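Below: the structure, in C-alpha cells.
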Amino acid sequence: MAPQSLKKAPRCRARDLGIRIGIYEPGPYNAITDVDGVRVGHTTIIKGSGSRGSKTIARTGVTAILPGPGDVFMDSVIGGAFVLNGAGELAGLTQIHEWGLIETPILLTNTLAVGACSEGVVQYMTEKHPEIGNIHDVVIPVVGECDDSWLNEIIGRHVKPAHAIEAIERAASGPVAEGAVGGGTGMITCDFKAGIGTSSRKVKIHDRVYTVGVLVMSNFGLMRELRIDGFPVGKVLEAEFAEMRRREKNYGSIIAVLATDAPLLSHQLSRLAKRMALGVGRVGSMAAHGSGEIMLAFSTANRVPRAASKPLYSIEILKDVAIDPLYGAAVEATEESILNALFAADTMEGVARHSSPALPIERVREILAGKFVG
Amino acid sequence: MAPQSLKKAPRCRARDLGIRIGIYEPGPYNAITDVDGVRVGHTTIIKGSGSRGSKTIARTGVTAILPGPGDVFMDSVIGGAFVLNGAGELAGLTQIHEWGLIETPILLTNTLAVGACSEGVVQYMTEKHPEIGNIHDVVIPVVGECDDSWLNEIIGRHVKPAHAIEAIERAASGPVAEGAVGGGTGMITCDFKAGIGTSSRKVKIHDRVYTVGVLVMSNFGLMRELRIDGFPVGKVLEAEFAEMRRREKNYGSIIAVLATDAPLLSHQLSRLAKRMALGVGRVGSMAAHGSGEIMLAFSTANRVPRAASKPLYSIEILKDVAIDPLYGAAVEATEESILNALFAADTMEGVARHSSPALPIERVREILAGKFVG
Amino acid sequence: MAPQSLKKAPRCRARDLGIRIGIYEPGPYNAITDVDGVRVGHTTIIKGSGSRGSKTIARTGVTAILPGPGDVFMDSVIGGAFVLNGAGELAGLTQIHEWGLIETPILLTNTLAVGACSEGVVQYMTEKHPEIGNIHDVVIPVVGECDDSWLNEIIGRHVKPAHAIEAIERAASGPVAEGAVGGGTGMITCDFKAGIGTSSRKVKIHDRVYTVGVLVMSNFGLMRELRIDGFPVGKVLEAEFAEMRRREKNYGSIIAVLATDAPLLSHQLSRLAKRMALGVGRVGSMAAHGSGEIMLAFSTANRVPRAASKPLYSIEILKDVAIDPLYGAAVEATEESILNALFAADTMEGVARHSSPALPIERVREILAGKFVG
Amino acid sequence: MAPQSLKKAPRCRARDLGIRIGIYEPGPYNAITDVDGVRVGHTTIIKGSGSRGSKTIARTGVTAILPGPGDVFMDSVIGGAFVLNGAGELAGLTQIHEWGLIETPILLTNTLAVGACSEGVVQYMTEKHPEIGNIHDVVIPVVGECDDSWLNEIIGRHVKPAHAIEAIERAASGPVAEGAVGGGTGMITCDFKAGIGTSSRKVKIHDRVYTVGVLVMSNFGLMRELRIDGFPVGKVLEAEFAEMRRREKNYGSIIAVLATDAPLLSHQLSRLAKRMALGVGRVGSMAAHGSGEIMLAFSTANRVPRAASKPLYSIEILKDVAIDPLYGAAVEATEESILNALFAADTMEGVARHSSPALPIERVREILAGKFVG
C-alpha cells in the first residue's frame, strides 16, 4: 500500500477537487436531502480490533433514509426500483414493484443484519402505529444490504434492532455525513475505503426546477476498474498499490437510492432507477457476479393516502417525453455519490488486520491535473 | 357461524373425502416430502386469549423446508420463482431470480416475523458454517410471510430467532403436519381456518417417473370464492355462514413452495411456479390487491457446488417440450395442498375473540355428493 | 366424433344457456365494445379445401381492436400487459411495458401473419399520419398471434397487409361477431372449434360504475381440461369424443385483451392483465409449454397527448386499495369470453381434412342441468 | 458542420488508432464472427436524394446474424436478453425470454421494416422447412430495429421481404463490414454517422479460452455525451460542430447482439446481456426516453434439439461464480463495437438534405494523443 494513504489525510468531496460530473448543477447540500423533506440518519458501530474469532470486532452500522416529509405510512410516496445484479437483498422490493409505493423508512446495513434492521423497523412502526395488524395492514420493511465482511467480523451480528431505530430517529435534513458512517462503515469500493456517499442535481424542465438526490452505500469493484469522470485513475493507482492486500473476490455490492420532487409515477421511477445503474457503470462497475447492485427511486411530489374511503385521487404527472433531463441527473448524481463515498472515507483497519486504504486524494488530483482538459 | 363448525370435528385430508384433483397420482405421503431429501419442520406458538392490548396473544409460528438432502449451502439446489401478486415478501427472492439457486432453508412465518426468522437463519447458518463472511460468501435467508393478524396479536412479535432455528432442526422426512401448525398456525383461507397444506404428484415422462411436491401456507380469499375441484362450494356455504364475523379486508396471501426431482433449470422452475398460480386460482383466488401470492420452486436433481475451483459442471436436463406433465402436476398439487390446509385445520379462536371456523367437512361431503358425477 | 356436433346446430352465447360466470353483471352488448369508444373489426379469410401442399387452403384472418375513441396515436391510452406463457408473440409488447402507453390499433392474427399485419398497420398509420418519421416519432405496431395451423395451411401466408387495414377500417362499436371470425377463424379451444369471444362486466366502486370488457382469440387446451363455470364438462365429453382426430400437441395459445373505463395507471393495468390469466386457468388452461398466453389491458379513462410542449398533465386515478372489484370482473369476463368463443363457433373442416367440432351445446346443457345447483 | 468531416476521409477501426478498450484481447477478426459458426450478412439499400415527399429516398437495409453453425431451427442455440430501455422492438423477444432458445436468424433493420423482415424470415424458414405448421411448430422471427428516419425516408418502406432473405443468404464467416451497411445504413450515434459495428474478446477461465463477440446496430445519443475509452471526446467536438444541423430529438436506439462459445444457460446469457448495457453507457448513453436499447445474447456451446423423442439432454455449464471475465469481455466488446460503427462510417447525406458527418478520426487522434496516458 502506498504510504501516502496510511496517514489520516484531510478528506474532501469530489467537487472540492474541481471534478464536475456531467452538465447539471447540484443543490445546496449536494445531497439527497436537497429534496425537500428527505432525511438521513446514521448509526455507526466500530468496536475492537485484532484477529478473527471473538466475534467482537465491528466495522458496520445502519443508515436510514426517511423518504419524505410527514408520515409516509399514512401517505405513501411513489416508488420504483431496478435490479442491475440481484446478488443481494433489498427487503420489501417485491411490494415496491407491485404497488409502486414506499410506506416505511429505507434502511441500509450489512448483509447479515437485514433481519435485525427489519425487526427494528417493525418495532418502530408498530410503536408509532399500534393499529398495525388491526385497523391498518401490516407493514413490510425496506432494508438493503452490502457485504462488509472484509473489515467487519460480520458473523458477530453487531447490529441490533435498536441500532436501526436509532438511525431512523437521528434522521435529519441538511448535510449528510459520508464515508465510513452508518451502513457504509465497513464498505469498500474499487479496493479503497468507501461507504456512504451522496450528491444531487437540479434540472429545469420547461418552467419548473426539479431536484434529483442520490445516496449510495457503495461497496463494489476492483481498483483497476476505477474511473473518475471517465478517466482511468484506477489503472494508474493499480501499479502504485500493487503490494496491497485486498479482497480476493469481487463480492461487493451497491445499493443506490434516488429521491426526487419531480412528479413521477412508479414505472417512471423504475426507469430512473435503471439510469442509476449506468452511473454505477461509469465509475467502473461491470456488476460482477457476486455484487448485488440494486437501485431504488421515489418521488415526494405526490402522496397516496392509505385510506380507501376516497378511492379516487388526482395527481399531476411529468410526461415521459420530457423526462430526459432527469435521466441525465440520475446518472450524474449516482456517479458523484460514489466518488463522494470514496473521497470522504479515511483508511480503516478492521478484522484480521485487514486494512482498506483511503483514496489518495492528492495523488488523484495530480493524475487528473496532468491529464484532463479543464 | 353454523354450529356444526364449532365443535371439534374429526379432520381428514381432501382425498379421504373422495376428492380427486386432476389426473395424476400422489406419492406415498401425498406431501412435499415425497421428493427425496426434502424435509419439513414446524414451530407452533399458541399463547393467551382475550382482547387486544397486552401483546401476549399468539397464534403464529414458523415452518421450515429443507430443500434437499445434505447441505444446500455447500451444494445448492436450482430454484425459480413467480410473483402472482407482490403484496407480500419472500426475503431472498431477488437472489433466487438472479442466480437460480437456493442455498438455505426456506422459512414461512407471519409478516412481522420475517426479520426474526432471518436472524434465526443467519445464526443457524453461521454456527454451522463459521467460515461465512470469511472463506465463504455471506448468506441471504429465504423467508416468506402471510398476515395472520386476524387471530394473532401480530404486534406482540412472538416469533423469536430461536423459533426459526427450532423449526429448521425439527425438519424431517415423512408425513407433514397440516392445518394450524408452524407458520400456518393463525392463517385463514376463504374465511375458514387453514394454514399449512401439502400434496404431491408422480408423473411419468417417457421411461422416468418424477415427483412434484407442494407445500403452501394458505391465507387468502373470501368464502364465496371457494371452489373444491371446480365446484362452487363457497357459494353454498356463504348462505349458511351469513352471520359469521370475519376479516373485512381481503388481506390474505399465500406462499406456495414446490419441490421436484425432475432435472430442471431455473427458468423451467420459474415456469413451474407460474403454473402453481393457476392452482391457487382454481381454489378461488383472484389475487386480491392486498394478497401477496408468491410461488417458489426448486429441483433436487442437480446440485451446484459452491467451490469455484472447478468452473464447469455437467448436468442432465429435461427439455421444455416434455415438461407439460409437470405443469399439470404443479396445478393439481397446489390446488390439493390448499384444500388439505382447509381440511386439516380445526376452528380456532384468537385475539379480540376473533374466531375462524373449521371447514365443515361433513357439509362439504353432502354438497359434493349431491352434485358431482363420480 | 359425436354425431350431434357434425350438423350445423344453432349457436348461442354461454349466457343464453343460463350460465352465469361470477357475481357481476355484463354491459349491454356483453362485449369489449361496452367500453365507450372501443371498436372491433374482423377480416375473415376462408378459401379452398383438401390436402396439404397447394398452399391455397385458408382458415384464418385478422381482428382489429381500436383501443379508444378518437386518434390513439395523437392521444395515447394507458396500457399494461402480462405474459403467462411467452411461447408466442405480441409485437409491440416491449414498448407497452416501457412506456405504459398504446398508440396504435391492436391486431390479432395467425403466427406467420404477424409480419403482414405489422406491414398493414405501418401502411395505415403512415397514410393517416404522413408526419411519422419526420415530425412524429415512428410507430411500433401491436400484433398478437395464435397458431391456427391445424385447420389453416399456415405456410400459404394468406394474410396480406390489406387484410389488416380492412379489419381496422371495419372496426365498429356495438355487438361483436364471435367464433370463427377474424383472427379466430381457424382457432380451436380444448379440441372444440373456437376463435374470437368477448364479454363484459359492470362494477360499482363507491359511487361510480366502471365497465371492464374482454376480447380473446382463444386457441388453447385439451378437451379433458375444459371446465364451464368450474364444472368438468371436458371430462364428460372426452369419453364421448374418444374417437375424434385432434391436434396431437398442445400447441395452442390465447391472446386476451381487456378494456376498461376505470382510471388506471400502467402498473395497475398490468395487474389486471395478470388476473385475466386466472380466468384462462379456470376454463382449464395449465399454460402448456407451447401455448403462448399473453394478456393486454388498457384504460380509456385518461389520454396522454403526444405533444411534449406541455410536459405536465393531470389525471384522476383509482387507488389500488379499491381495485378488487375490477380484478373480479377481469377474471369473470375472461372466462366468459372464452366460453363465448366456444359457444359461437360452428364445426369447421380445414386443411388435410382436419375437422374441429363445434362444442355440442345441447349436450353441455344436459350435463350442466343434471349436475349444477341453480 | 466542421469542414474536415465533409471530405471522404479514410476510415479505420478504433483499434487502429491505438485505442485499447479494457484488458482482454480481441479474436482474429475482432468481430462477432470470431465465435465459430456465427455468420453475418448485409443488404444495403441506398436510393435517391432530395426533399421529402416522393417516398423514394432510401438509406436503410437489413443485417442478418446466423446464430451458430448448422440449422438453428432443428438444433436451437440457448439465448437470453435484456431491455435497458424498451422504447423499441425486438420481435421474438417474448419467446426468447420464455424458452431461453433462439431458433431463427436474427435480423436488424429500421423500425417500420420489422414487418417486412418478419415476412422475409417466415418465407425463408417455411421454404427451408415446409413441415412448419404441420410436423413442426410455427416459427417466430427475431427482428430488431432502430429509427433511421433522419436520413432515410422511412415511410417509403423500402425494405421488402426479399431484402431480408438476401441478408440471410449472404451471411458469412470472417470479417464483417461495418458502418453504413445493412440495417445500420442510415443510423447515427452521438450525432455522427454510425451503423453496424462489431468487436470480440477472448477470455481464459481456468484452462479454457472462450470467445465473446458483439455486433451492434448503433443509433443513439447526443454529441456532447460521446466518450471514447472514458475520455469526453464529445464535449470537445461539440464546440467544433456547434453549427451542425442535427436530429432534434434523442430518438435513437441501439440493438446489441452478443455471441459466445462459453457454455452458458439462458439466465446467464440474460446476465451477460445486462453487462452489454454498461458498455453502451460507457460510450455516453443515458438510455434516453425514446431510445430503445435492447440486448440479446446467445451461446453456441450447447444445442437443444427440437425433437421431443429424447426428453433428456446433457450439457456442460460454466458456473456463475466463474463468469466475471465474460462480463468484462461483454462490456469491452460492446463499447468497442459502437466505436467501430463510428470509425467505419463515412459522412452521409439523406432525405431532406439531412447530413450526418463522419466522426473526424484525425481530430479524435489529436484529442486523445494530447490527453491520454499511453
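Lettered A, B, C and D in written order, each chain numbered from 1.
The working rule: contacts are C-beta pairs under 8 Å (C-beta built on N, C-alpha and C of every residue); 3 or more make two chains touch, one makes a residue touch a chain.
Since the model is a prediction, treat every value here as computed from it, not as a measurement.
J.: Common contacts of subunit B and subunit D?
T.: A, C
J.: Tell me which chain's centre, taken as the mean of its C-alpha atoms, is farthest from subunit C.
T.: A
J.: What's the distance between the Cα centroids of subunit C and subunit D, rounded to whole Å?
T.: Subunit C and subunit D have C-alpha centres separated by 35 Å.
J.: What whole-number Å value describes the gap between the mean CA coordinates of subunit A and subunit D?
T.: Distance between chain centres: 34 Å.
J.: Can you give the whole-Å distance between the Cα centres of subunit A and subunit C?
T.: That pair's centroid distance is 45 Å.
J.: Where does subunit C touch two or more other chains at once, residue-wise?
T.: 85, 98-99, 271, 290, 320-321
J.: Quick one: which bits of subunit A touch subunit D in the complex? Just the residue numbers, please.
T.: Touching subunit D: residues 23, 84-85, 224, 227, 229-232, 236, 250, 271, 274-275, 277-278, 281-282, 285-290, 320-321, 323-324, 327-328, 330-331, 371-373 of subunit A.
J.: Taking the touch rule as given, give the residues of subunit A at its contact with subunit C in the complex, in rising order.
T.: The touching residues are 98-100, 205-206, 208, 263, 265-267, 271, 304, 306, 308, 310-322.
J.: Okay, in this complex, where on subunit B does subunit A touch?
T.: Touching subunit A from subunit B are residues 52, 83, 85-95, 97-99, 111-112, 114-123, 126, 130, 132-134, 137-141, 147, 149, 153-155, 157, 161, 249, 251, 290, 292, 294, 352.
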